[in-house]
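What follows is a set of structures for review.
Each of the next two complexes has subunit A plus one other chain: subunit B in the first, subunit C in the second.
For the complex of A and B:
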């Protein structure tokens, strides 16, 4: 069910009204029903997958947590009866028992994710190898369903399991409350990947109708629709046209395509997240922010701290840190220091861990070499910028540009250009074509390509470009205002007529300039496929 | 404590680590810095810090990092 469909809006309206009519203690149970109903309406078969992940994670975490509590209590009472070495052995035995349950659950759930998402990709690669050896036959592809949002809810559940295993908090005792944490419908579609410690604070609480919270939520939803319908879906037509005909649209057009895609992806993904956060907010539930004006970042590292934040922190906390803090990496660090010297040697484990993280991030985004190369591209850029740091320090000691507007602007433009170039892997059908199209920007761009007719030929009109351009200016303006605090907070402080004009203006702009009707069909959110 | 301050200053010479209380929450130390730091700590103090201990609470100031190292050293005694 699309967020931008009438079916979703009707569903939301019913959920919202009944939510506030119910007694507070029944609200979370009702949300669980609504979430399962939502998922059922998307495809009834999805329910089996989410239920398996929910039940297996709930019980594994509960057993681990109960064991921890029982052991800690016993140990506290009896530790004086044992010598130091015996105490260590007891602790180690307990940890090993917990680890077995933990790993079984982790591998089981990641296994489901891997089988559903990567079986056909693996078969395709095996077939390529077979055909390289001259064999005409290959393995047939299998017809598997990929449940919507499986990456998001699996990662969210595994984050919870790891936190319980690490003793950050005790496991949830109520299966149905945990089921709601996994399936909460606004974030089931495309995240954010919430942490239990954050989301549980408001998810199971009783919420009474509060106009300020509800109006803030509605504003956020409307803002999400504006981004999605007025900007993303309108420019999407041109993006599709450019990537569909690489022979026609090369050179400057490929560059324009990358820029259009940067705008489309931003408006689409942040718009979807705005709707998610807004829907939750209308029901008094706080979902973690996923973006912090990423296109204003001064470098790629900062960009990844501000774009899809919950995914970045998930990979950092649950993959990057465990790998880089592992015994293996510590030993490698020591060895590489001896071999390569202290300065270079200490960076080896960091880069190796980072390489693994970016490879995983790439394949998480999609089962194709395009995404793997995209992930590794990010790794290479980050590594180069890390290695260039001494140069930057030297540069700034000689040239006093740090802090100037020109330098800040240069860094922002550089970040956008690098990220947009990398994202071309997202667009074109394979890796060689992407390199070819990137190369064409430098080898085939010509002034003759800069003609209005060619751009109109991409399926959208001058009017569309004007709407997108104005929409983009609104986006930039809102982002600039946001730097000094909540935009909705600022609107709320205005007099009633001003507030009304802003809300009405945004609503009408979305209705009048939104891309739907003949020639358009509200498209699926890009991140749904993950 | 002095050894730790030296390690930290090597990472970010421009920061006064004796007074700074928001190393992680203030965005001074990023994930690369933290990983370099724990490998240096492992080298200098011979203590192993696990991934679960890499939290802002443990790494927000030189004092909290030192407290973590001390706890680990005491644990091993």
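For the complex of A and C:
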């Protein structure tokens, strides 16, 4: 069920009205029902997968948590009866028992994710190897369903399990409350990947109707619809046309395609997250922000701290740090310092951890080499950027541009160009073609390609480009205003007629200029596929 | 109180804005494709009709109510629209019978060949002009293709919003009113394009009309019987789309079984004196004015004689009404003839 479909809007309206008619203590139970109904309407088979992840994670976390609590209580009472070494052994034994449960649950759920998402990718690679050895036959592909949002809810659940295992908080005692945390419908399809400690603060609370909260939520939803329908889905046609005909649209067109895609992806993904956060907000529930004006970033590292924030922090907290701090890495660090010297040696474990994180990030986005290379491309750029730090310092000691507007602008543009170039892996059908198209930007661009007719031939009109351009200006203006605080808060402080003009104007712009309905194919949010 | 007034004012402005945007963006059908404006025009006719024709282009391009009035005193109206499907005809008949009680309803049977919803654009032309009633609601629900949504009919802005880039002076001119494009439902063309090389019908895998089509024909029959209205089934004399003998037989059998009159005008071409080198404007698909008046002559005779449709000439209010229609009718004939002479087409350059 698309967020932009009438079905979803009708569903939302019913959920919203009933939510506030119910007594507060029944609200979270009702949301669980609504979330499962939402998932059922998408595909009834999905329910089996999410239920298995929910139940297995809930019980594993509960057993770990209960064992922790029981052991801690017992240990507190009896620790004086044991010598230091014995106490250590007892703790180790307890940790080992918890670890077994933890790893079993982790591997089981990541296994489900791996099997559903990556089986055919693995088969395709095996077949490539087999055919390279001259064998004509290969393994047949399997017809597996990939539950919508499985990457998001699996990561969210595993994050919870890891936190419980690490003793950050006790496990949730109510299976149904945990089920709601995993399946909360606004964020089920494309995140954000919420942390239990954050989302649980408002998810299970009683919420009374509050006009300010509800209106803020509705405003956020409207803003999301504007981004998705007016900008993303309108420029999507040109992006698709460019990608579909690489022989025709090479050189400057490939560059334009990369730029269009950067805009489309941003408007699409942030629009979807705006709708998610807005829907939750109308019901008094606070969902973590996932973006902080990423295209204003001055380097790639900063960009990844501002783009898909919840995913970035998930990989950092649950993959990068554990790997960096693992015994293997400690040993590797020691060895590499001895062999390569202190300066170079200390970077080896960091870069190896970073490599693993970016490889995982890539494959999390999709079962294809394009995504893996995209992930590793990010790794390479970040690594080069870090290695060039001394050069930057030298440069700034010689050229006094640091802090100037021009330099800041250069850095922002550079970041956008690098990220857009890397994203070309999202677009083209395979890695060699992506490299070829990227290369064509430098080898095949010509002034003759800069003609309006060719761009009109991409399936959208001059009017469409005008709408996208104006939409983009609005987007930039809002982002600039946002730097000094909540835009909705600022609008709320204005006089009623001004507020009315702004929100009604946005509503009418979305209704009239949105790319939806007959003549437009309903476009899935890009991140739904993850 | 001040807050209450502010809210009322804001809601009023918001609704007015939406209405204005809808009015501006919805298609006007005042030039080019005129058929979209025809269904709505019916509600402006204040008279009670003795004959109402319901069906597709084989009615609204082939019969002239003006001719029927002038020569037989028959007060009639054509509730026709492009590719009108049988359930749409049924709901238009239902809608008509809620407003008046004609002696005869004439239904053109070509649409029996369609058993499922076909085309959104034609649906819109058949349905948008209907006034809201249960008949319209059911018409929408029955007619919608997979890509359509009921809410798009309730709020046409959701359907027509994308016309913002196609707006022209006509959209502004006709934002709050429409000119009449038909003559009691008749779509006039005076030009000639002879019927040459009319293709034979290709053999079909199955000639049986669909269950859904029969269901609505049954409903139409029952509706007319329940309301004491004579239902006349007709097949217009146009050469294409091809009318198969197997189809004809099914309609004949149906008419016999239900005690209805079925007139296949394809069999009355000689009686009408149709000349396919002169009486069609599009190579045999539809009749032009000359052809339509020939068919109206024969049909008028049948309606007067066999169905005893009264001659109402002399009724003051009707005379007055028809004088207005006739004036427009003759003006349109002159206009089209002038354009034909000047430009070789009935449309002036500014209409294209």
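Note that the second predicted complex is superposed on the first by the 528 of 530 C-alpha atoms of A that agree within 3 Å, B and C clash if a C-alpha of one lies under 4 Å from a C-alpha of the other, contacts with A are read in each partner's own complex, and residues count from 1 in each chain.
Just so we're on the same page, contacts are C-beta pairs under 8 Å (C-beta built on N, C-alpha and C of every residue); 3 or more make two chains touch, one makes a residue touch a chain.
Since the structure is predicted, the reported quantities are computational estimates derived from the model, not experimental observations.
Asks: Between subunit B (first) and subunit C (second), which does A:461 come into contact with in this model arrangement: first, second, both, or neither?
Replies: second
Asks: Does the superposition put A:439 against subunit B (first), subunit C (second), both, or neither?
Replies: Touch partners of A:439: none, neither subunit B nor subunit C.
Asks: Taking the superposition on A as described, I'd like to know which of subunit B and subunit C A:111 touches: first, second, both or neither.
Replies: A:111 contacts neither subunit B nor subunit C.
Asks: Which partner does A:512 reach: the first (subunit B), the second (subunit C), both, or neither?
Replies: After superposing on A, A:512 lies in contact with subunit C but is clear of subunit B.
Asks: Counting only touches as set out at the top, which of subunit B and subunit C does A:6 meet: first, second, both, neither?
Replies: In the superposed model, A:6 contacts subunit C only, not subunit B.
Asks: More residues of subunit A in touch with subunit C or with subunit B?
Replies: B
Asks: Thinking of the overlay built on chain A, is A:500 touched by subunit B (first), by subunit C (second), by both, or by neither?
Replies: After superposition on chain A, A:500 lies in contact with subunit C alone.
Asks: Pick one for A:316: touches subunit B only (first), subunit C only (second), both, or neither.
Replies: In the superposition, A:316 contacts subunit B only.
Asks: Which subunit A residues come up in both lists, the one for subunit B and the one for subunit C?
Replies: On subunit A, no residue contacts both subunit B in one structure and subunit C in the other.
Asks: Would you pull the subunit A residues touching subunit C in the complex into a rising list?
Replies: Residues in contact with subunit C: 6, 461, 463-464, 496, 500, 504, 508, 511-520.
Asks: Can you tell me which positions in subunit A touch subunit B when the two form their complex?
Replies: Those in contact with subunit B are residues 166-168, 301, 305, 316-317, 320-322, 324-327, 329-330, 333-334, 337, 346-347, 349-350, 353-354, 386.
Asks: Would you pull the subunit B residues touching subunit A in the complex into a rising list?
Replies: 27, 30-32, 34-36, 38-40, 42-43, 48-52, 54
Asks: Can you list the subunit C residues touching subunit A in their complex?
Replies: 6, 10, 13-14, 17-18, 21, 25, 120, 147-149, 151-152, 157-159, 161-162, 164-165
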